[in-house]
Amino acid sequence: MKRPESGLVYATRRFTFSAAHRYWRPGWSPEENRKVFGSLTQVHGHNYTLEVTIRGLVDERTGMLMDLGELKRVVGEAVTQRFDHSHLNEDPLFSGDAIPTTENLARGIWDLLAPKLGADRLWRVRLWEDPTFYVDYYGP
Amino acid sequence: MKRPESGLVYATRRFTFSAAHRYWRPGWSPEENRKVFGSLTQVHGHNYTLEVTIRGLVDERTGMLMDLGELKRVVGEAVTQRFDHSHLNEDPLFSGDAIPTTENLARGIWDLLAPKLGADRLWRVRLWEDPTFYVDYYGP
Amino acid sequence: MKRPESGLVYATRRFTFSAAHRYWRPGWSPEENRKVFGSLTQVHGHNYTLEVTIRGLVDERTGMLMDLGELKRVVGEAVTQRFDHSHLNEDPLFSGDAIPTTENLARGIWDLLAPKLGADRLWRVRLWEDPTFYVDYYGP
Amino acid sequence: MKRPESGLVYATRRFTFSAAHRYWRPGWSPEENRKVFGSLTQVHGHNYTLEVTIRGLVDERTGMLMDLGELKRVVGEAVTQRFDHSHLNEDPLFSGDAIPTTENLARGIWDLLAPKLGADRLWRVRLWEDPTFYVDYYGP
Amino acid sequence: MKRPESGLVYATRRFTFSAAHRYWRPGWSPEENRKVFGSLTQVHGHNYTLEVTIRGLVDERTGMLMDLGELKRVVGEAVTQRFDHSHLNEDPLFSGDAIPTTENLARGIWDLLAPKLGADRLWRVRLWEDPTFYVDYYGP
Amino acid sequence: MKRPESGLVYATRRFTFSAAHRYWRPGWSPEENRKVFGSLTQVHGHNYTLEVTIRGLVDERTGMLMDLGELKRVVGEAVTQRFDHSHLNEDPLFSGDAIPTTENLARGIWDLLAPKLGADRLWRVRLWEDPTFYVDYYGP
């Protein structure tokens, strides 16, 4: 179980990337896809906003939880350079029958970041598909 | 006790509605109302922003927590069609001495949505009265 | 004719106020009001955002177009204190058959500010009813 | 020449749609496309925000420039239903060598709206590709 | 341990202040400061946005968690009047080797508010340095 | 005279930088400075948002007004790298008695960009000091 803990600090940095996607399950017939996913079966796209939250004790020498430049480098290499200006359905993350929904993308981003940032230090991945919809994931 | 749980996904959709209200307790004298509520006793209004958060396991077939169209239908029928272009003090929710504060409205919206979405699936109701003030409610 | 002029500086300050209103023309029957204005006939409300733009030459001693504290005092006294926490239909501006639409309110605010700020210095009144709709007025 | 005119009111309504696109000129070689357009040659997407501004005299009976419901209907039918959940490169507007840039899309939206709203009443089309870039077009 | 509790309401008010700061540890050499903090060693500044969250039971007489005017007075006197238009490095909070990072400022604001609002009623201090970075602190 | 012209496209890109400043005229006594500028005499800071608007005819081969990467390079080299993480009063632009007001900074940015972008192509510099105040400048 993970929860806000006393004494810890939670720091969140926002990132953006633009990507295309469609909801389409290759194992289903076109009719079934259209019935379940409607107009989402058509290729379209979003400006995604990603919020990465890390938590931990403040380094009392620097007053910082983590060097922000380092956080930007890690998220840039693992996530935004991969997904920015991309068609999500063509990413290995969404091969097979995995649909590039906001839910699945948020979980995929967690799996990409946890080994780099530490599953304990990584607190939450929040992914906005547009200004009206976001998904939070706190890990498996 | 309710808290973020590992493996679960939390999905939030924003809705808006415009309504009028005043802070006025019929059982009090006008003097007492003005002393406690000040200029809030005068009829005024807001563009409310409502964030409804549901949580649960992802449906691995669709990659979604819940069909968003269905969520929009439920919240539309139970909440936004009821409160949009309305005077909150005239809503049955605020009969008697219940004041249409943001706190009370957030709790009322929870009570309207929980039976429809499931008290376990509904995680949080966040209600913004304006861009500087919001109330969170996680259920009774 | 008024237009952006070379050498001039245009400075815009945002203000907010919350008010209730309804679209209702007393000289019309209820049926006619409902036919023309629909659900806007019901009392509801908004968080208005007002942008006041003044223009002119920079005072080279202070580097400012106008003292911002003075601008806030003028707009506060003439506009926001008048309309904040108010029911617009009860304001003298909307007596008779004048409907408190965003268009009419923007023109009314111009008329309140022009004598105080100078019709030449006042460049534009922009009034947002909500984040999806705004009206600009450049004077009569 | 078109410019803000005294006495007129300018009303702006915001709309949103999500679409995919890529910058690719069929008449060019892949090398030339990549040299000029870089990573924009890859399919990606955006949440577009469209601001449609109309101008004119206020109808003194209704206090409105134009019925907003009618404006929403016109823009919905001509623009947002066409481009929302679409791949812009597959739209007839971008057949041949026309690239679905923000500039071209803004001009295309003008051409779709002007016959419906009137080229004189339609004042400006503003199109945001994301929160850091927008294009304004005032007609041909 | 602190966590969202059933039946409680969480109310958040946003405040803003503008301040200058630099990251500089007097006990370190200039070289060491520049190596660790880079361009942050130079004096610069931010428009900070502070979100103060209080939680508790709703007062059923007023429908409010706490009088908002009282909350504004407390935060104004303890925090925004102190830090607005200030150079953070010159504040007693950052004497010695404490760096005015967002993390340290969020913890300092908690310590200033907890005695005034009650450590139990004060739930969270969220401090935005700019629209891309914020820190949450739930107390010691 | 400069104004929106038919057939032209106006493209705006937003940039951000963080800087410190104070309002202080060396040629004045401290008393006079405090009387005119009040709390602005104290060192504080802002997250500035700069909007650079260029205008012209669309290049029908590329569908673009100007390569955005080139625009970012020019504004980055001439403006944001200069002012980000800086104390504006120490910039040569504000030597002597020039106060780093938003008005003066907007004009200074125009003068830095016009030779690089062309005074005819550069249409407007808009500078936000914070989300409540911005200045527009259309050139000398």
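Which chain is which? They are A, B, C, D, E and F, in the order written, and residues in each are numbered from 1.
Going forward, a contact is a pair of C-beta atoms (placed from the backbone, for glycine too) under 8 Å apart; a residue touches a chain by one contact, two chains touch by 3 or more.
Everything quoted here is computed from the prediction, not taken from an experiment.
J.: If you take the chains that touch chain E and keep only those that also touch chain F, what is left?
T.: Under the touch definition, chain E and chain F have no mutual neighbours whatsoever.
J.: Measuring between Cα centroids, what's the chain most distant from chain B?
T.: F
J.: Quick one: point me to the chain whose Cα centre is farthest from that of chain D.
T.: The most distant chain relative to chain D turns out to be E.
J.: Just how far, in Å, is the C-alpha centre of chain E from the one of chain B?
T.: 27
J.: Round to the nearest whole Å and give the separation of the Cα centres of chain B and chain F.
T.: Chain centres of chain B and chain F, defined by C-alpha means, are spaced 42 Å apart.
J.: Mind checking the centre-to-centre distance between chain A and chain F? Centres are C-alpha means, answer in whole Å.
T.: Measuring from centre to centre gives 35 Å for this pair.
J.: Residues of chain F touching 2+ other chains?
T.: 3, 131
J.: If every chain is a node and every touching pair an edge, decide which shape results: line, ring, star, complete or other.
T.: Drawn as a graph, the chains match no named shape, so other.
J.: Which pairs of chains touch each other in this structure?
T.: A-B, A-D, A-E, B-C, B-E, C-D, C-F, D-F, E-F
J.: In their shared complex, at which residues does chain A touch chain D?
T.: The touching residues are 16, 18-21, 39-40, 42-47, 84-87, 130-131.
J.: Quick one: in the complex, what on chain B touches chain E?
T.: Those residues of chain B that touch chain E are 1-3, 23, 25, 36-38, 97-104, 106-107, 124, 131-140.
J.: Going by the contact rule at the top, pick out the chain B residues touching chain A in the complex.
T.: Going through chain B, the ones touching chain A are 3-14, 58, 61-65, 68-69.
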